[in-house]
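Each of the next two complexes has subunit A plus one other chain: subunit B in the first, subunit C in the second.
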Partner chain A sequence: MSLKDILSPFYVWKRAFEKPYTTANPLTDRPGAPRYRGFHDNDMEKCIGCGTCADICQNAAIDMVPVEGIQTSKEDSGLRPKIDYGRCCWCALCVDICTTNSLNMTREYTWVDTDPDKFRILAGAQENFWTGKETGYKLGEGYKLLDHDRITMPMVDPKEGIKSFIELVKGYSKEQAIKEADRCVQCGLCIATCPAHMDIPNYIKAIREDNIPEAVRILYETNPMSATCGRICTHRCEEVCSIGVNGDPIAIRWLKRYIIDQVDRKEIAKILRNEFKPNGKKVAVIGAGPAGLSAAYYLTTVGYSVTIFETNEKAGGMVRYGIPEYRMPYEQLDKDIDAILDMGVELKTGVEIGVTESFDDIYKNYDAVFLSVGLQDSYSLSITGEHLPGVIPGIQLLDDVTKGQIPDLGKKVIVIGGGNTAMDAARTARRLAANVTILYRRREEDMPADQEEIEEAKREGVKFITRAIPVHIDLGENKKIILHWNKAEMLDQGPGKRPKPVLIVGEAYTEAVDTVISAIGQSPIYKLLPEEIGSQIKFKREKVITDKYGQTSLPKIFAGGDIVNDIADAISAIADGHRAAQGIDLYLSKQVKVK
Partner chain B sequence: MFTPDRSKYPEIVDGKAVIDLDSGKYLKLWQGPQHPGVTGNMSLELIVCGDEVVDCKTHVGYLHRGFEKLMERRKFIQNFPIVCRICVPEPDTNEYLYAAAVEEVAGIKIPEQAKWLRTLNMEMSRLTSYLMWIGGHAGAFGLGPIGQWAVTHRDYMLDLFEEWTGGRVYHMYMIPGGVRNILPDGFDRRLEDTLQKIEKLMSEIEKVMLNNAVFKMRAVGLGIITKDMIDRYGVVGPIARAAGMKRDVRKNSPYLMYEHLDFDIITGTKSDAYERLLVRFREMFQSIDLIRQIMKYIDNSKNIHTKLPNVLHWKIPAGETYVKAESTRGEYGYFVVTDGSELPRRVYVRGPSYSHAVALLEDLIINVNIADVAGLMTSLHTYPPEIER
Partner chain C sequence: MKEIIQRLKQQFTISNVNQQRVDLTFLSVKKEQAVSLISYLRDFEKFSHLVFLTAVDRVEDIQFQLTYMLHNYNTHQDLGIRVLIDREKAEMASIHHLWKQAGTYQRELKEMFGIDFPGSPRVDESFILEGWDNIPPMRRDFDTKKYSEETYFPRPGRESHDPESYMKSKLYPEGDA
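Entry: the complex of A and B
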């Protein structure tokens, strides 16, 4: 003990003369820091209602609820996060995981109210005292919880690819598939968009868990042609994938393909339930395309005896005869078809209705008929010279190649059109050693073909001329075909409408080629229907009008596929087949017109 | 073998104190759970004779929140915001240890810059925790103003945490895989300003508390922990160091970037409340020095986070690990067991206060003046939240 120890504490008095530390008005003079984790703010326009914020919240403080003024659409669940501030722990994991970066936090942190129910807030939708205030916490720099980069799909080199019809996409390995499947946040927006409403999040989950039998079972619940759809599906699910908002969407189509590639015909049969109690009723399916095969499969699973009638030598429809082998190898299509036939479906090929078999007989002998004949005819170019030899429809070229009748296209080929058939025809022509140019009346961004088809065609050396309208076709020297075309400009048709191409005067060009392939769309042929029946079925333009179960105005006849839906792709046809199977079952078990 | 001095009262029969409350000689007195002289929510069931404590039973259970069980029902990422709540005054140790344990058992390497930022966070957190403690310790001895100064300066540190992490008390910054953000612009300058303020405060505390005759009379000789008690009671941290033990996880088994930092283990000899204050007081300066050393390595342009598997369905292969770190109370540990599922099978939290505040306190408190009980407790620097999890 020293004198110093007695005197030293009196130093405390010095502090009495110092400026106080306190803030006079803490509620107003003490704003939160720029990164402060205060009350949430959600950009209603950016938010797609994926619900990932609610999934990660460890307090279950977030509920996804419908909001007035927000419509449910393909890329928006219509729900928005409602935050319970009695539960929230302000960890901001919801902000970190937000797929659209719409959810952030403000710097506001004080709120006094006597009504406890007021503390449940639809962030961003309800006016609050923090509405419009400065943003506080948002996703930090150099850190993110979501993986935005897709696992690159191994592909055959384009230079090698055009030498043969070898399949270009090699498929994921197990490690790659599990890694890609891991990126999914299981929001389920894809389910609503898929025409067949496939349970995508759960089959992706089964991949993650390496449970292939479960994955196959899930696939067959809504789609009996996964080897096909895993390759050539138009995958609109990927367009609405929430991960796709800020990154690459999950490779849903290729993950489906991965699942089905892991099992062979025998294993599929083992996984699927294939013992059904026959109910003694018979259904005829006309056309063995995706719609017909799908309807046949689902009808069989509920005990119907199904016979498919097909004109061609083999089943598969447009998937076989309209899609080239480098995209859709025939053995993979056969795998899908065999699995369906293994269920006990009877397939009669080489049957031409009206020639070898009468429609009336089928109509009489079967309890219901499912019509899925597809679009067999090619749209006409409606220009002079289109009937010259050397001007062929795209689907004919694809059909011939499938049947092994390789045509001589010559050295120089022009393909008219911008859809997937145009791309298929152009790339098939490339494989037949021709120099190929695609002529399209609108701009590249207007092309209905899948973006990856366009890109792959370019990689394979297909040239593109856009805003080019064919005017007429002449026969030139040395059997050359002269295509006259005119440059077009795009005229705006107002909001929500496609701009219209209009010829530019004085910008006419000619092109001397060996073959012109027209691929501007297809139309149906209904000549198989007898007059009496055809007149009773209602049509709108060229499409058959059906109810939601595919039932036509003739109760016994159901229809689906490209002759019914406007999208005219495989997955929509498969969905039509499934719905029609449900409709036929409802109709035959109740004998009433289903609505 | 340590035996408390029971020479005055009461009589010991068969190793137990014979306390007859009806004799009028003793009084049973509850200190806590709501009592400013008890750190946190625990209570002491004291038997006093006059103004001296002759027997004590510690009671915990007022603060049980079931964190460990809760974590078995949460995904790995969802536990990250929970763990910091285990200990209010120093949450960052929990954050770091949970993240480190998960990373170790999942085999994830984090970027070096993330390690530096974590080290910075841990040292700032140590200084913040010590500031709160020194305020409480001073208050327990009746030196109220020091408590106000210290807590104010703790708030300056919390301001820094707020602008850095977005939260004042619960920073939720050290996420598995790394950290959540880089330092904001101008942070180094504001940090240095605050460190200088704290240094000034420390020099004032030295004058008013360390060189205070009254405080010295009460603290010197209070709660002496002999060397042989150290291992028997599982004493760790500054308390063990004040008894001359060179025990510091940062030095003994370096984690994060401590091996790249220049510092020594601070020890004392006398092992009483005053010596423990001295050790911690010097460690506060040491922390300030370490923060300045660490700031030289901070580079905002470097990677701070390793890409994790999708945290919504992150499964960690079966395994177990124990990771430890030096908190202001000593060795803090997390034992994490995984079974290959999306949830941890078991998360065990080892808080150093457990051994200090229950068994050790019960022995040290005997024959202590009732007015010094609070001072004794704060000199052990116990945080009941980490006892109960």
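Entry: the complex of A and C
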């Protein structure tokens, strides 16, 4: 040890009373870098609680928890992410994957507390010192984890399309379907909105894994008519798709169609392979539409012997007789129906209850009856001249065309209404070479028809006149029909209410056409029910009242489909049929075996 | 840069030359030629600084991609040298004799990816993962989420809900429409 080593500690003392070289901390504020990944902030209004942040978190740091004041709705699970900062590694994957861009990271990063539980935070729901502070991290330009663009569906050109009734949507190839399926984050938000609560995320997953048999099994758990629903479903699931918040929703309907397009009818039976024992009980189903077919399928799977009675020559109900072939090819509908019949369901067609078969006999001979007769009657326009020849209901036209009785509509056609039946009638008339105009009393945005139906009708050359109220119809020269209509204005009815169309005085118009098609809604015909039975069933505004299992006030009679639910679409009917099958099972065997 | 590439081509088999920015170029070279190419760049082309050495797990191709990033202080050019090596027998010649700090990078790659650099100083010692008992964590087949679920206990009081079943309980409990 040298002398220097001994003395050097004391040299320091000579500076003890000097002004220090170091300065007082000048950095009172130490802002994070522009893209700093600091404490999380979540926009409670934007967030839909899809839980994708929690799923992607590699440290399992995020819980999805209910938050006071946030209601669960079809678009919003009502849950919000709660982050455990004891686990978070600040990788920001949760921000990258956020479907709504509600979750962000601020540039704040220093926080001291002695209570470890304080470090579990409900970002955005509780006030923190970084609440409302500037956002830091953003995913780099050109990088993205979510794919917002739907795989374009190959379609027949509209000019070609209107020349025949050829199916317009061509369907996805395997490569396209897997790519589209890959966009799904499997949040499951869509399940609640689907009337049949189909397990959408898992059948999409099966597509991604190219496991078609598994996908078919999942479809049949909740819907035995996927070739149908894969084409004509109103697909409200897509309206709540979390990817749809910032991009195109997943093409759920077309992915469903892809699955069923991959298998033929015989394969379906093999995949479903049902080993039930007949339980000796008999159920009658009246009406072979989607509700009746669905109930028959689910009852058969647990051993009931089911007979369907149908007035028409073929099963399918409104899907066959009310939807044109370019949307719903008959052989595809047959595939669904045949797969159901393959299970052992008996179908009796050409049966008119009350004429060829008595309702009382059916009621006596069967252990339960499921009523699914649909809406057969067209709403009347309630204007003078509506009974003139040349004024026909839309469902009549569609029914005729299905049966091959092509009517002569003439050159100029007006369709009154704004629903899917109006679009179907108008586009069918286009295919019969007519010039078609749709007349609707409200605005285009008020039309109950699917948006794509409206757009496709326009592409096919259908003209639209909106805010137009038909006033009366009379006969013109050369068998022309003169439709008198009046322009309307929309009168606000207060918050939450539909604005009402009111005639504008002095704005009356006439239109001379060959055919007027009315498609403003349908109503049921209950004449098949004998008086003493009809009087025991409760109705509310023409609809049959049932419990949640479809049971009417007459315990042996169940009902479903358009005569029960207000939505009146195929998937709601299928869901009704499924629930009624559970209800009938519960009623007849005191337990629910139907899954 | 073009001249350098020309000179390199005379002596080495290089491919995928990609000038990404004015001052940033990448090229690929075979494993066998990599160390001599890097030595040449350091000693004759004035790429005197090793910026970093890193790896990407190309699990689908059963390969690792090593990237040696070199810098020339005179021209302020960056040159990335990409080398593909077999993933099953992940081994690469060491460059610690060219830059002493390369040994540290190689030790890290051994721990994080399981890529061996025989002869590199202390290459088998733990780098930051003392007591690690699993496959190297930066390998793509390492399931981070599963590992954290198995290794770390959830804090007491934590509970989470799955949106799908939570919505069912709120909107359509069993049997309800």
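Note that the second predicted complex is superposed on the first by the 559 of 595 C-alpha atoms of A that agree within 3 Å, B and C clash if a C-alpha of one lies under 4 Å from a C-alpha of the other, contacts with A are read in each partner's own complex, and residues count from 1 in each chain.
The rule is simple: a contact is a pair of C-beta atoms (placed from the backbone, for glycine too) under 8 Å apart; a residue touches a chain by one contact, two chains touch by 3 or more.
Only a predicted model underlies this, so the values are computations on that prediction, with no experimental measurement involved.
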| item | value |
| --- | --- |
| Partner chain(s) touched by A:Ile191 [first = subunit B, second = subunit C, both, neither] | second |
| First (subunit B), second (subunit C), both or neither touched by A:Arg15 | first |
| Touched partner set for A:Gln58, first subunit B, second subunit C, both or neither | both |
| Which of subunit B and subunit C A:Ile97 touches, first, second, both or neither | first |
| Partner chain in contact with A:Glu141 - subunit B first, subunit C second, else both or neither | first |
| Touching partner for A:Gly32 - first (subunit B), second (subunit C), both, neither | first |
| Subunit B versus subunit C as contact partner of A:Asp5, first or second or both or neither | first |
| On subunit A, the residue positions that both subunit B and subunit C contact, one per complex | 58 |
| In the complex, subunit A residues that touch subunit B | 1, 4-6, 8-9, 11-12, 15, 21, 32-37, 52, 55-56, 58, 89-93, 96-97, 105, 136-137, 140-147, 182-186, 205, 208 |
| In the complex, subunit B residues that touch subunit A | 74-75, 77-82, 85, 145, 149, 152, 155, 159, 162-167, 170, 172, 175, 177-182, 184, 204, 207-209, 211-214, 216-217, 303-305, 307-313 |
| Interface residues, subunit A side, partner subunit C - complex | 49-51, 54, 57-60, 62-66, 72-74, 77-79, 84, 86-87, 116-117, 120, 187-189, 191-192, 195, 197, 201, 548-549, 565, 575, 579, 582 |
| Complex interface listing, subunit C residues touching subunit A | 144-145, 148-149, 152, 154-155, 157-164, 166-168, 170-172, 175-177 |
